[in-house]
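So, here's a batch of structures to check.
Next come two complexes, and both contain chain A; in the first it sits with chain B, in the second with chain C.
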Partner chain A sequence: MRHWSDKLRVPFSIGLVVLVWQTVYLLGIVSEKYFPSIVSVAQSFWAMIVSGDIPAADLKTFGRALVGLAGAGVLGIALAILSDLYPSFGKGFRYISDVVQPIPPAAFVPMAVFSLGLGIKLYAFVIILVTIWPPFLNGVAALQSVSGVQLNTGRMLGCSNRELLWQIKLPAAMPEIFAGLRYAATISLIAVIVSEMLAGRDGVGFMIFKKAFALRTADVFALMFVVAINGVMLNGLVNVLRRAIVGWHIGMMERSE
Partner chain B sequence: MKRIDHRALMVPIVILILWQIGSLLYATPLFPGPVKVAASIAKNFNVIVSELGHTLLRAAAGFALACVTMIPLGIFLGRVRTLGRLLEPLMDMLATLPPPAVIPLVMLFAGTGDWAKIVIIAYAASVPLLMNTYEASHSIHPLLSKVAKSLQLSRFETMRLIDLPSSLPMIATGARLAIAASLLVSITSEMLLATNGIGVYLQRSQETFKIDAGLAGIAFISLVGILINALVYRLEKRLLFWHYRDTAPAE
Partner chain C sequence: MAEILSAHNVVKSYAIGDRALKIIDGLILSVAEGEFVSLVGPSGCGKTTLLMCLSGLLGLTEGSVKFEGKIFNATPPGLAVVFQDYSRSLLPWKNNLDNVLFGMRRVSGMDERQKRAKALELLDAVGLGGFDRHFPWQVSGGMQQRVAIARGIASQSRLLLLDEPLAAVDAQTRADMQDLLLELAARFRQTCLLVTHDVEEAVYMADRVLVLGPRPTKVVREIKVGLPRPRDQLSTREERAFLDARHEVLSLIRSMRKPKEAAVK
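Right, the complex of A and B next:
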């Protein structure tokens, strides 16, 4: 039994944004220089698509976010497995994660520019350094909390320790690792945008900054829209992967409701 | 079980040694080793602490602003269900827009002063606070609403006396995320539109090729992050003792 508000909520939200936006614009509370109408934002969005600026920049930005996320995911899971195999290593690595985790991605950029240049190496380094933690920490926690029943079942079926890890523990931990990956997707996008703003050569982050300095506000709003779309796409991609790998888990969760 | 695992300590030590060897091999001031960074911490201690003070002050102001506005809003939207459900996609949309993307825009509106940064920090802290508060007050136990009804509480009283306290554990989780976000955005915004603060200090260190001084600054950021985390954890345990007491498994 769906509530009537369920069907209307997406159009309502969008309508509300448009309404408030245009009211502010028409009342002239904020000067038009800083607050363009939706129409002009849409126009500049379209203009930048046609001119190829947005596709070119976004290909770079999205590609960087994706490479970083994939690297962080693989490395994070690998480190989590390693920590599970060698508890001492796991404990020691926790010190590192405690120290590195609170540092914002932006702080790494100026320090790494000289050693790594302005290319993909810089982005990969920064993104991996900040996005590795959610999959790693979730992975460690999930591998540790695999239920004894599942482990004993595996042992009874004659699994070796290695088989136990690959066939039982890792699949059981996957749903939680994916929760970490989803969080990591958002962070990786943030890290890319910030790095592009600071490294200042190309990509959507750089474009936002350049347009803001040139007071092309409509362009800035349009680019922010592009960033939001990127966030949705990256999330969607992780979700597709999640359905493919841990679809059984999602099915189980839905059945239990 | 408070014994320190010596083998675990080896991991950071090995990494430090590798870092030192690497820096000795390259022998350039652009890739300083841990010894140099430690020396730099001693040298720049006063500057770093005073710059970090500016940063933390702004982060605290932004976080406070977000708390004051978003917690009541979240509870309101959770209680007035239809409105909350209608606005849910809007909240999701805002959540996908990373705070740093907002920085240039706020720069246009509010200039480069303190307020511009505080507004951005508040925006960044708002998202987790609003989401968690809304989620908590939205999924409140139905029995509690009935209690409110039988006590004949008004809507406002229900929100204040029932919804707020029972949402606190989840608000605390949101607050922890929000604190991390406000610290992150505070530093990031300083690096982009700066007058003072640790972000400016980092940029200046790069411009003058003092990478060791910059890494010393980063070390302090990390230290402050760890301290704040520990503090929040303590506070949570103390203020929400009733929640942890109830959820602790009976022994």
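Right, the complex of A and C next:
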């Protein structure tokens, strides 16, 4: 059973944020124009929900982040597997990843606008190019570090190299790959918001930019809240998948604590 | 009795930089069907390397190993290895039943239902009836090694290569597991080659004890253990033949220690 203090953690955290927020607001440290009260943020949030602005925009934003994450996850794992099967490909691809990985999503957008225009291709390109690395790099590292005893067990029971990969290495690597996917979920959302801000015509990122230029700060804060909820939802989805696929690892970790 | 495993002039060396480090040098051994043979030797003489070579998991530098008369370059069906490190050897994402079933992946002539029934029977035989749905990490070390032994036998092995299988379990469990291994070997007609550093265990279990020399190793003496079966933890260990064999093996291994090392101890 969970301890009562665990159950109170979420309401306590929210309460603390509200308290600090309102204290800053009431003290008047920042002008009300740029830092609205939490009540007006809630009001604009509700207004944009009722008007349908948030649902319409977020359907696009969340959809892009989710599809991008799924695509990048599948592609990253596939590339990790290829790197394991063909070490020379893996080595070459590592050089590419070392160069591309540090580039922030915002830096890709202008270049992508020129060649891909504004639209689905742009999103796919930017999101996948920045989101693919955690599952790929974790996958490569995990596939390489599978215990020798596990591999010998597979070989002893007659596994070919391909069978070793599918039946021993990949299942053994899955927990680390999921650690990468959790990280990728956040990156995917960042990439979507940035792309929408810089080159979008819709979505929550686009709305944030538009409202910010109109100095509608309460709306901007409400939309930031929407982005945060998206992050929580994406993480939750990855966690559901993680429990389904590597539930054994979670159980094992809890037991060794 | 027919010969099930034979090694002829086996040499194994590793390249370390531009030097070759010889681990095994001219090893000869032969195991007959139905035998229980123990391999003992001074620490660091290359016991595990030897077992890897005998199982086909490690290539030889020179010489040959035959299983049932045939040379092989990967572990042949009918030969199973039980590793010392059971917690790594069992696959943690599979429950105990599925781990045993994984051992049957090369078994033909049985459908999935028959395999399941056989796997459950084996889990029962190693004393783990009712633990089939548990994951390896949910049961004790001794129980994990039982699953690994069941998995070995499940592969329809005729020869079990046991690499210090009981080194990591506590003393009480070890005695129980020794008797379990002897019982299983008889019941499922397993020829066993046991690598161990425990001289008493080597003598207690075996029909023959092969003593390995220091590195680069080879068999330096064969000691026939003239003890009746079934063995008993109390009475067998008190018999003259047990004590004589134990004395012979121990004194031989002690004589192999380097003088410097002996002086320190």
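Definition applied: the second predicted complex is superposed on the first by the 244 of 257 C-alpha atoms of A that agree within 3 Å, B and C clash if a C-alpha of one lies under 4 Å from a C-alpha of the other, contacts with A are read in each partner's own complex, and residues count from 1 in each chain.
We adopt the following convention: a residue touches a chain if its C-beta (ideal position, glycine included) is under 8 Å from a C-beta of that chain, and two chains touch if they have at least 3 such contacts.
The structure displayed is predicted, hence computed values, not measured ones.
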{"item": "Chain A residues touched by each partner, larger count belonging to chain B or chain C", "value": "B"}
{"item": "Which superposed partner A:Gln101 touches (first chain B, second chain C, both, neither)", "value": "first"}
{"item": "Which of chain B and chain C A:Ala70 touches, first, second, both or neither", "value": "neither"}
{"item": "Partner chain in contact with A:Gly251 - chain B first, chain C second, else both or neither", "value": "second"}
{"item": "Contacts of A:Met156 with chain B and chain C, given as first, second, both or neither", "value": "second"}
{"item": "Doubly contacted chain A residues - partners chain C and chain B", "value": "none"}
{"item": "In the complex with chain B, residue positions of chain A that touch it", "value": "3, 5-6, 8-10, 12-14, 16-17, 30, 34, 88-96, 98-108, 110-111, 113-115, 186, 189-190, 193-194, 197-198, 205, 208-209, 211-213, 215, 217, 220-221, 223-224, 227-228, 231-232, 235"}
{"item": "Parts of chain B lying in touch with chain A, wherever the complex brings them together", "value": "5, 7-12, 15, 30-31, 82, 85-90, 93, 96-105, 107-109, 180, 183-185, 187-188, 191-192, 199, 202-203, 205-206, 209, 211, 214-215, 217-218, 221-222, 224-226, 228-229"}
{"item": "Chain C - residues contacting chain A, complex", "value": "52, 55, 57, 74-75, 77, 80-81, 83, 85, 88-93, 102-103, 105-106, 135, 137-138, 155"}
{"item": "Residues of chain A that touch chain C when the two form their complex", "value": "147, 149-150, 152-153, 155-159, 167-168, 171-172, 174, 246, 248-249, 251-252, 255-256"}
